[in-house]
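One chain, subunit A, appears in both complexes that follow, with subunit B as partner in the first and subunit C in the second.
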Partner chain A sequence: MSLAQDARVAARPATMAQRAARTWPEINNPAAWVVAVILLIMPLIANGFFLIEIFASTLILGTMALSLMFLAGYGGMVSLMQLTIAGFSAYMVAVFGISGNANISLGWPWWLAVPMALALATAFGTLGGALAVRTEGIYTIMITLAIGAAFYYFTNQNWAIFNGHTGINTVATPHFWGVNWRADIPFYYVVLAVAALCYFAVEYLSRAPFGLALQGVRDNPRRMAALGFNVNAHRIAAYAFASFVAALAGVLQVWNYRQISPGSVSVGACIDVLIIAVVGGITRPIGPFIGALIFVLLRTFALDFLVRLGLDGNRFRLLIGLGFLAIVFWSSDGVIGLWQRWRQSQRRPAANQPGRGRGHG
Partner chain B sequence: MDSVAQRLSAVGAGAALELRGVTRLFGALAALTDVTMTVRPGERRAVLGSNGAGKTTLFNCITGDFAPSSGTIRFFGEDVTHFPPYERIRRGLRRTYQISALFPGLTVQDNVYLACRGVSRGRFSFLRPGQNDALMHAADNLVQAVHLSAVKDQRVAELAHGQQRQLEIALALAGAPRFVLFDEPAAGLSPTERAELIEILTSLPAHIGYIIIEHDMDVALRVVESVTMMHNGRVFKEGVPEEIQSDPEVQELYLGGGHE
Partner chain C sequence: MSRFVERHPAWALIAIIAVAVALWLIFAVWPPGLEEAVGRKRVFLNAVFNGITLGGLYFLVASGFTLIFGLMRNVNLAHGSLYLFGGYVGYAISTATGSWVLSFIVAFILTALVGVLLQVIVFRRMEGQDLRQTMVTIGLSIVFADLMLWACGGDFYQVQTPNWLIGPVELPLITAIKSSGEPVYLRYPMVRLVIFAASVIIGVAMWLALNRTRIGMIIRAGVDDRDILAATGVRIQLVFVLVFAFGAGLAGIAGVVGGTFQSLSPGEDIRFLLASLVVVIVGGMGSIPGAALGALIIGLAEQLGSVYIPTYAIVVTFLIMVLVLAIRPQGLLARR
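== the complex of A and B ==
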């Protein structure tokens, strides 16, 4: 059987690569361990500004973008409402919890307000998803963008719950076990724990039946139906999961800034999440975090850099835009795509040598 | 009017597949007109006809990819006319596609695993399959049955055409199929691969019936016991392979006339 013989030869390198991917994520990858250790001891090396403004912000934005990566990378659904879901969750924490706007906030303790916010934001995202899954491609983008825009204008105009354009300020953050969890170091660890949990959950799910089926839906929805899957139910479930991840990030976001206002849920901010995910790469869950780090670094330092060049500091978005253009131009799967190609080009000269004889089999 | 299939369906009412007056319109064009057909459990039948005869549309109506414009479809006695495709598949119907409809971003093993998962519980499971997962074993066996064990960890996008055709068949045999629709499974296969295909089809358990659309008469007539000829969206003739082959009208229309 020549067919099977040929295949066996060609299969060998790919087989080994896939086998490694099947075990726990990156467990044999020393670089991943180095990153994990650095993240854990970060409070020893970074000051409060770096810890919160750079790293905690990166992890929060990365988690929001991770929810988009899950939908877009595994499900083929580009949702522009992930930030809106996070913002909704943040608003709900402020509305049900304790804030400076006593006429609005219900004053629940955080351990009641947070589950409530997560449940409502997940329901909100799932409903939006149920609308969006009836469409494909650019129409999904339009519907989710419309939901994001509608929410932005609604928060601007609604004073009874969302307090209009001023938003809700001085949102209380949790204090328990004698720890102020919004102090720099405890908050960093809370954010790190939530981001790591979401990252590993997405990584784990990608190989579980639910995640595999989602990738099947991405590749060929019609065939998935012909294999016994209810494609729309699967897509809606994916929105539900992604909404929960985004909602978790929203809770962290409102604790980070201690306030939430329409400016945080603007259409521009919705698109930032897309940019972060695409720049980082939507093929693997690490991509959104890399994208978020680049975004936060640019947002924080591009201003000084531009002023030094004698330009208007507020033009940092110009740099982000140029970077975005460059990356989508050279690599369709973002920075991780560039990295993987570079790694392959490094490996190829070494791999070719022994493989030459086998190629003719 | 006394073909094998019709005589047999008159004896036992328990047909695997029963179509009554199925019509499918695309705008003003009738792709299928009043198709009535009964296939008993375990029966193996070929649907022949030139391009545009309505063969693939027939399959799409049976699986629910398109709803018929009128008529009823029963699967093992149950009216499935308005069921979504996945409900029909869960009841034991399977199909393959003329142009391979696979998941190019996933490995061969994962493709087959999805097929096994689709017709069992736990489609939404958040837990990864373990070492002794029954469906993983089922997937392994299926991969072996279609001679793809050597490439099972390769992404489907990297497979050769013949291998993709074999995978296409594996996906249709997952779980406990009761009836399979094969849409030109031999398209683009080499003579060796055709022989393998015939072997796979003839070694299917006797209770699994199928309908096969196939232009290659050598393949089609060796693996079926009855034949339905279609022409311009209508059933033109039914009979055993010998009858159809020797029928002058059929020869005029199809065998002699060549493909349009």
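== the complex of A and C ==
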């Protein structure tokens, strides 16, 4: 349970939070403003490849991992089915909207298909969550993993709706007000807007009464039940919110690739989302985005990098796995935790030396 | 058993009727009406036998998984990787020496060694941190999967069945009556029956070892309360290493069995990890009889499903899991 324990420490400054509850923590942080400005003027800096393949992909994956971070960090529930929910929503966009597979797609306009997909995916995730909250801790991982796998095999075998292992291709993207929203720059801004919305929604919820109650449930469900909180209702509501976030990411995902197939909802991909969240750090909403950036950079450049070192370029997953292992071994709070520890060691270099090898004992 | 009947007479009656119907379906000659409605009896019997033997294979994988979980609270998500590793080792040995039995022994020893290394190097350092251990096993499974892909490539391998097991055997089960009045008996691959018998023997031996020996007593005590057991002076770390080695070794054996039944390729590790997950969720975490029951149910559901409702076979398995979670979240045979 070390992951949840460290989250507790991060959420500790309650007195400060009470005073500053109405303001956002980002307002007084110059680094946050710099990042925001860079993200906004990104299309001036980066060309199409970097804009979409790196930054838009990072934001989409980060949003998916954000939904996992919300569940794991604030609710103490590590759900491996967040990608499955995103994939379900992506499939629903393809099925209800317009695509190359005319015999399957219903041909609804995007402003009907997307809310439908969001609603269905949220319902799907909430149902799965209602099933998962019947158990706790590691059991949740197993059950959500089993749900994800069942969905993967189901999409592979079902031809009537999911079109088997070929999936659904050439999904139409929105086109209105004279703008092609899948063109590089507009799409980047759409993705950025959705990711920012989800980020601030999670940030807000974590300090709203619901989020505080959820963190209470994470730390001591029995005491919260004694205080009159409905523990399972809070957990299921958390699943519902996380499902909605994941569903939004799924819509962006299908617009990005313009196709969806069982390969995108495979078990490996489900685990990738967990890796992203854990590597970035699951105690704060910024973590998943950092993790996603690292993951996407590795995925894109590991091949060239490994070949330049004279190694086999196909060992990208080995690199990811080893990096994940290293992070889990040495920092329970991902890259953020490493950064914070480094900052603290800078601040008081002498006092830190003995505490170094403490680990998690 | 009798206590169960006393406490749930209605469920016991339903179970008895279900068993009676199943026995009738297996042993009786089907009337023509039934054959028209459901299909040939040979198909049904084959599906049942495939399901039971697949259940034997699932039991081999899942029993190690459930044993490790029961004692150490460690959800070893790298269990599928151990399965695949055992399979590859078995393939290498059987092609090199031509001996099928030897491949089992070597696969058991090597995967058990990997298990010992994992327990000593990795899991001992983070005892009691369930979630972190699970994360580590996920990382390990990724690393193992890629290392095995590196070493063995993406090809399909099949372990060669030895000569004395090739070919079908005739079972005293009538599938149909010819028009001449001559009964037709079921023919079924010998190797599958032998492997099933072996998995039953392993299961019974495990049950006996757990319930009748001193080390079994220690393990059962450890499942109930690890800390008190350690306080009584048992060298619990040694017990942990032994159990992890045995569970991993079982996965290795199952890998050779799976390589003989089906085939070995990247992706099989995840498939069998999920199968054992579903089996232990259905049967009850940490319970060996639960693993046996769960394996039987899942194996039968998968095979019967793939014959009678081919599109949704996987969904049937999943529905069983959902149903069990809804009615009895701790699993069918779990004590707590």
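Brief remarks on what is shown
The rule we apply is simple: the second predicted complex is superposed on the first by the 323 of 361 C-alpha atoms of A that agree within 3 Å, B and C clash if a C-alpha of one lies under 4 Å from a C-alpha of the other, contacts with A are read in each partner's own complex, and residues count from 1 in each chain.
The working rule: contacts are C-beta pairs under 8 Å (C-beta built on N, C-alpha and C of every residue); 3 or more make two chains touch, one makes a residue touch a chain.
Please read all numbers here as calculations on a predicted model, not as lab measurements.
In the superposition on chain A, contact of A:Ala225 is made with subunit B only, not with subunit C. In the superposition on chain A, A:Ala150 contacts subunit C only, with no contact to subunit B.
In the superposed model, A:Leu274 makes contact with subunit C only, not with subunit B.
Touch criterion met: A:Arg315 reaches subunit C, while subunit B stays clear of it. In the superposition on chain A, A:Ala208 makes contact with subunit B only, while subunit C stays out of contact range. Comparing the two interfaces of subunit A, the one with subunit B and the one with subunit C have residues 1-4 in common. Residues of subunit A touching subunit C in their complex: 1-4, 78, 131, 134-135, 137-139, 141-143, 145-147, 149-150, 153-154, 157-159, 267-268, 271, 274-275, 278, 312, 314-315, 317-318, 320-322, 324-325, 328-329, 332, 360.
Residues of subunit A touching subunit B in their complex: 1-4, 6-8, 10-11, 14-15, 18-19, 204-205, 207-210, 212-213, 215-216, 218-220, 222-231, 234, 237. Taken together, the subunit B residues at the contact with subunit A in this complex read 63, 65, 84-86, 89-90, 94-95, 97, 101-107, 110-111, 113-115, 117-119, 122-129, 147-151, 153-155, 158-160, 162-163, 171, 174-175, 192-193, 196. Subunit C makes touch with subunit A in their complex at residues 73, 75, 77, 126, 129-132, 134-136, 138-140, 142-143, 145-147, 150, 270, 274, 277-278, 281, 285, 310-315, 317-318, 321-322, 325-326, 329.
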